Amino acid sequence: MEQPSDDLLRDIHRRMVRIRVFETEAGRMAEAGKIPGALHLYVGQEAVAAGVMAHLSDDDWITSTHRGHGHLIAKGGEFDRMFAELFGRATGYCRGKGGSMHISNMALGMLGANGIVGAGPPIAVGAAFSTKFRNTDRVAVSFFGDGASNEGSFHEAANMAALYKLPAIFVCENNGYGEYTAQANHQAIVDVADRAAGYGMPGVVVDGMDAVAVFETAGAAIERARKGEGPTLLEAKTYRFFDHVGVRGMGLSYRTDAELEEWRKRDPIHMFEARLAELGVLGKDQAAAVHEQVLADVKAGIEFAEASPFPAPETLLEDVYA
Amino acid sequence: MAERETTYVAAIAEGAKAILAEQENSFVAGEDVAGAGGVFGSYRGLLDEFGPRRVIDTPISEEGIVGLGVGAAATGLRPVIDIMFMDFMGECMDEIANQMAKMRYMFGGAATLPITVVTMSGAGMNMAAQHSQSLEVWICHLPGLKVVAPSTPYDAKGLLIAAARDDNPVFVVMNKLSLRNRGPVPETAYEIPIGKANIVREGADLTLVAYSRMVAEALAAADALAAEGVEAEVVDLRSLQPLDTATVVDSVRKTHRAIVVHEAVRFAGLGGEIAAQIQEFAFDDLDAPVGRVGAPFSPVPFSSVLEQAYLPDTGKIVAEARALLGG
Amino acid sequence: MAERETTYVAAIAEGAKAILAEQENSFVAGEDVAGAGGVFGSYRGLLDEFGPRRVIDTPISEEGIVGLGVGAAATGLRPVIDIMFMDFMGECMDEIANQMAKMRYMFGGAATLPITVVTMSGAGMNMAAQHSQSLEVWICHLPGLKVVAPSTPYDAKGLLIAAARDDNPVFVVMNKLSLRNRGPVPETAYEIPIGKANIVREGADLTLVAYSRMVAEALAAADALAAEGVEAEVVDLRSLQPLDTATVVDSVRKTHRAIVVHEAVRFAGLGGEIAAQIQEFAFDDLDAPVGRVGAPFSPVPFSSVLEQAYLPDTGKIVAEARALLGG
Amino acid sequence: MEQPSDDLLRDIHRRMVRIRVFETEAGRMAEAGKIPGALHLYVGQEAVAAGVMAHLSDDDWITSTHRGHGHLIAKGGEFDRMFAELFGRATGYCRGKGGSMHISNMALGMLGANGIVGAGPPIAVGAAFSTKFRNTDRVAVSFFGDGASNEGSFHEAANMAALYKLPAIFVCENNGYGEYTAQANHQAIVDVADRAAGYGMPGVVVDGMDAVAVFETAGAAIERARKGEGPTLLEAKTYRFFDHVGVRGMGLSYRTDAELEEWRKRDPIHMFEARLAELGVLGKDQAAAVHEQVLADVKAGIEFAEASPFPAPETLLEDVYA
C-alpha cells in the first residue's frame, strides 16, 4: 500500500486545516447573521475528507451530504466562491441558488452537497457507472452518515455497485448521531461496515480521527476500484465537534459534555500535527504558519463574498432548463 | 378576559398532546420527535409526559416510517406520523400513494386506516430547493387521502385533532414560516371540521381563495385593496381534500371575481383545480377570469433576493387583483 | 406506396434503437429491459444489437435506477431510464423531484442532465390500483422536468427520439393499452418537437383537449358529435410540460367551448391547469364553462365492470359535450 | 424446538395441496380467459407458505407479495371467495376491487397481496409494532422475494424491526429470479440471509422445498419473536414451476429446461408425501384422497365464483373512505 510521502502528509494537513478554519469562520458568520438558512459544519471530521480526497483528482467524482463544505474544500474548493455561495451572492459556486446544502463544483468533480439524506449514494453509482462506461480508471466516492445508512437509497446503491463491479467507494462517516439521535437509537448494529457483506463487497472500519489511517484504507479501496475490482464500504468512526446544525444548534442536551471532551482529546488535527512534528515533517511553527496562512485566505474569501453582489432578481428563472 | 394566545408551533404540540391523552391507541413516530421534541419543537415535552412507548424516535427511513404507520393503523392503532419536511415525501410516496391511500379500497372496505401525517411545507427561510416545497397537489390528487393546511395556531391545533379523530389517512400540512406566529388557542381539545372552509374576511368585490401561510398574505392584500376602495372577501380553505367548493362558489357568486393564491408552484398546482371549479360552477357570475397567484416555474432558490422574488406575497396578490379589476 | 405501419410498442423499440444508434453515450437501463426486452417488449432486440454495455438489466431498485441515471447524466452520459409502470414512481420520487429536476438549478446551471425516462401509464387491463395510474401531474408540477405523452405509434417514436436529443430530463409517458395500436411510422429517426400540440381534427363548435390514449376517445367522441351536427376540434397536446397554451387557446377562441380530457383522476389533475389557462386567456371568447372529463375520485378498481365505469371514454366525453352545448 | 405431530404434518400437507390445486386451476382459468389481469402463481413454493403458516393463528399478521394466493390459502383463505375475487365478482374478498394482486383478508390476519415489490416489509413492521404496543405475543411475518430484497423498503423495515426488537419475521422466498432476471444478475450475493447481520438480527437459510425444514426453522424464528427477542431473516431457497406471470408467461427463455427439471425433481409436495408415507403418517391413497377432496373444493369455489354477480357499478365510489 502507498505510504504517504512527506509532501503528501503536508498536503493532507493543509486540507484539514483549510476545512477547520473555513468551518469555524463560517460558524461565526452564521451566528453573526451573515449566513442565512441551515449550516451543517464539518469540524471534527476533517481527517475523513482529507484522507480520502488526497487520492482523487478533479476527474474523480464525489457525492456529498448536507454537511458538505469539508468535502468540497478537500476536493479543491476555493474559499471565495464558497463563502459567496453561503452568503447568497451571485459570485457563489451556484450563483446563490444552492447555498450550503447544495454547494458544488462540477469542474472539481464535486456533485454537490445534498439536502436529502441518502440521496448521494445512487448518484455516485451513476457517476461510477459513467467512468466505467467510458473505460477510464476514474472512481466515484460517496460520503454519507451513519444516519443515512438507514435510508433505502443507500441499500439500493450499494447493491447495484457491487453487482456491476463499479468503481465506487462508499464512505460512511459515522459520527455517532443522526441529528439528535444516537446510533444505538437508530440501528441495532455497531459497525455500519457490517452491511457490506450483504452486498458482496468488503467492509472496512477505520479510525476517522486518524488521517493517515483514513488515507491508507481509502487508498486500498480506491486502488481496488481503479483496477476494476469493485466497490468497498469504508466506515470512518468520527465525531462532530459542533452541533448538528450551526455551532451551538438548538441547545438540546443529547450528548454529554464528557463524551464531547473525550472525542476532543482525539482532535484529528491536533493528533496529526503531533505525529507530523514527531516525524519531523512539519514543526510546530510550520503548522502554525499553515493555520495563519489559511486564516488569511478565509478572511480574503469572506471579504470577496461580502463585496460580491446579490443575484439579480431576473436570474430567478435562469438555470431551470439547459 | 383576554383570549389565551400561543404560537403556531405550541398549538401543534398541544394538539399532539391532546391526541395522545384522549386516544390510548395513538402514538407519535418520526425522526427526532421524541428526544428532541421535533426539530421544529412540534412535539416538545411529549416524551416526558407519555414515555417512549407512545413517542418514538425513528431511523432516517421515511418509507419505513410511513409503512410502519400503515401497518400499525391497519392493525388497530392510531398513528401520528411525522415527516419532517414535506420535500421528503419523495422518499415515501409509494407507501403514501400505493399503500396508505389505496389499502381500504383495494381490500373492498375491509381495512381502516386512522393515520395522521404531519409535515412542514413552505419557503422563506433560505432552506433552498429541497427544504422549501409545497407539494400538496401530489397528495390532493390521491383518492383515499384527506389533506388539511392550517393557516393559524387555532387551526393548527383544531385540524390536527380533527385529523387524528378521523378514521381515514389525513395529511396535516403545517407551514414552517408560521411556526412563531401567535394567535388565540383554547386550552380544550377542540376540533375544526375537515372539509369546511372559513371566511376570514367578508367583502363584496372580489374573492381571494387561499390556504396555509398565504391566508395572511391574502388578508394583507385585502387591507391594501380596501385602501383603494375594493372590498375583498378572503376564504381560508383549511381543507384541501375534500375541498369546500360550495363556500368558495357562493362567495364568488356574490363578488363576481376570484383569485386563487397558493405558495406552491402555480403550474399544475391545486389552484388550477380550484380555478377550474369556480368557472365551472359560477361561470355566469364571473365578471373576469379567475386569477391565480402561485410560485413561478423554478425550484426554490437559496439567496434571499431570489427567494423573495420567488415567493407569492401581498404585492403580487394586489397586482393580480388590480389587473383583474382593471381588465 | 402504402405508408409503413407498426404498433405503438414496436415504435417505442424503434425509437430506442435509433437513440442507441445515433448517440454513443446513450444507454438503456431498467428492470428486465435487456434479457427480456422489456416486459411490454419496448426494448426487444436491443441487447442483441447493442450488447450489455448499452442495454442494462437492473435490480428491482427504482430509487437506485433513477439515481444511476442522474449520476450518469451529470457526468456526461445520456441515459434512457425505464420505470416499468408509472405507479412505481412512488419508489423514486426523491431522485426524480429533488435530484433530477433540481440539480441544474441548485448548481447555478453548472450541471446538465440529458436523461430520458420512459414509463407506462393507464388502466383498462384489469391491473388494479397499483398498476393502472396516470400520475403525470406529479411530474408536470416540477420545474426542471419536461413531460410528453404520445397518443400514436408515430408520436411514440418521434417524441422518444426528441426526448433523448433534449439536454434536459424528459419523461415520456407511454400508455399500456395503446401498445398494440397500429399506425404509420417512418423508418427514419424523426423527431416530434417537444412543446407543440397537434390539431388532429378541425372543427368549429367545440375544442376537445386531450393527450395519450384519450385522444382516440376524443376523436371517437368527435365522430359521434358530428353525427349530431356538432363539429369538434381535437387537440392532441403531445407535450404536457411545456404546455402549448397558444394552440389550445387559439382553438378555443375559434370554437368558444372546450372540454379537457384525461384518464388521470379529475381532481387536481392536469386538466385543472389547462381549464384554468383556457378561461384565463380566452375568457371573453367562452360561451360555456370549460368542461373536464377525468377519472372519478377512487383508486382504479380491478373488476372489469368497475374499471369500465371508472374509465373516461367516448360516451362520457359526448355526455359532457352535450351538457356544455345544451347549457 | 417443536417437532411437528402427525396431525400437524397432515395439516401442513393439506395446506400445500390446497395451494397447488388452487393455483393450477387458477392458471387454467386464466388461460381460458376467465381471470383477467396479471396472475402470479405460487406453484413450486408451497412448502414455504405451509411451513410458516402452520405456526400462526388468525391473530398473527402476514404481508404478502404479488404472488400472494399461496400465502392467503395457507393462512386459511376460502376458495370460493378467493376465486370470486380473481373473477372480479362482488362476492370476492375485496368485493372485486382488488383482484389477484390485492387479495386479502383482514379477519385472517392477511394484510394483502401487494402489487408493489417490497411494499410489504414496512407494513409488516407496523403490524409487529402494533402487537408489541398492545402487549400481545402475536407476530407479523413478511413474505418477499429475492428480487424484493433489493428494494430500499426492505432495508428500512429490517433495520427498524431489529432496532425496536419487534416480533417480525422476514421470510425471503428466494426462487432464483426477479421476473426474468436471475439472482446472479440482480445481486452479487448468493444468500440473502447474509444481509441479516447488517441489521443485527439472525439470518437463516432453509431448504424451501422441504416443508418440515421450513416448519422447524420458522418455528424457531417465530418463538424468538413471541418471546420478545426480536426479528429474524429467514431465507427459503425455492423455485417457481410456472412462469413469472400466468402459467406459460411471455414465452421468454430465461431459464433452461434442465434447471426446471432439476427443481421439479424436488417438488415439495412429492418429497413431502414420500416422507409422510415413509413415516406412516399419510399413505399414498390418503394423499390421493386429499388431492381429490381439495380438487372438489376448488371446483366448488370456481362454481361459486362463476355464479356470483359482478359488482354493481354504483359500488365504484364505495370503500374509498371510512
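Residue numbering begins at 1 within each chain, and the chains themselves are lettered A, B, C and D in the order written.
Criterion: a contact is a pair of C-beta atoms (placed from the backbone, for glycine too) under 8 Å apart; a residue touches a chain by one contact, two chains touch by 3 or more.
On a predicted model such as this, the values are computed, not experimentally measured, just so you know.
A.B. asks: Which contact partners do chain A and chain C have in common?
C.D. replies: Joint contacts, listed by label: B, D.
A.B. asks: Quick one: point me to the chain whose Cα centre is farthest from that of chain B.
C.D. replies: Ranked by distance of C-alpha centres from chain B, the top chain is D.
A.B. asks: Would you kindly tell me how far, in whole Å, the mean C-alpha position of chain D lies from that of chain A?
C.D. replies: So the centre of chain A lies 45 Å away from the centre of chain D.
A.B. asks: Measure off the straight-line distance from the CA centroid of chain B to the CA centroid of chain C, and report it in whole Å.
C.D. replies: Averaging C-alpha atoms per chain gives centres 30 Å apart.
A.B. asks: Distance-wise, how many Å sit between the C-alpha centres of chain B and chain D, to the nearest whole number?
C.D. replies: 40
A.B. asks: Mind checking the centre-to-centre distance between chain C and chain D? Centres are C-alpha means, answer in whole Å.
C.D. replies: Whole-Å distance between the two chain centres: 36.
A.B. asks: Chain C: which residues touch two or more other chains?
C.D. replies: In chain C, residues 58-59, 61, 63-64, 87-88, 90-91, 94-95, 98, 105-106, 128-130, 143-144, 297-299, 301 touch at least two other chains, as defined above.
A.B. asks: When you check chain A against every other chain, which residues touch at least two of them?
C.D. replies: Each of 94, 96-98, 102, 114-116, 150-153, 156, 159, 163, 185-187, 320 in chain A touches at least two other chains.
A.B. asks: Have a look at which chains touch which and call the overall pattern line, ring, star, complete or other.
C.D. replies: Graph shape here is complete: every pair of chains touches.
A.B. asks: Name, in rising order, each residue of chain D that touches chain A in their complex.
C.D. replies: Contacts found on chain D: 150-156, 159, 162-163, 165, 185-189, 194-201, 230.
A.B. asks: In the complex formed with chain B, which residues of chain A make contact?
C.D. replies: Those residues of chain A that touch chain B are 36-38, 88-89, 94, 96-99, 101-102, 114-118, 147-148, 150-153, 178-181, 185-187, 250, 252, 254, 310-313, 315-317, 320.
A.B. asks: Could you list, by residue number, the parts of chain B that touch chain D in their complex?
C.D. replies: 25, 27, 53, 58-59, 61, 63-77, 79, 94-95, 98-99, 103-114, 143-144, 146, 167-168
A.B. asks: Where on chain B does chain A make contact in their complex?
C.D. replies: Those in contact with chain A are residues 31-32, 35-36, 39, 57-64, 87-88, 90-91, 125-131, 296-299, 301-306, 309-310.
A.B. asks: What part of chain A is in contact with chain C in the complex they form?
C.D. replies: Checking each residue of chain A against chain C gives 61, 63, 92-98, 102, 104-107, 111-112, 114-116, 119, 121-131, 133-134, 140, 152-153, 156-157, 159-160, 163, 318-322.
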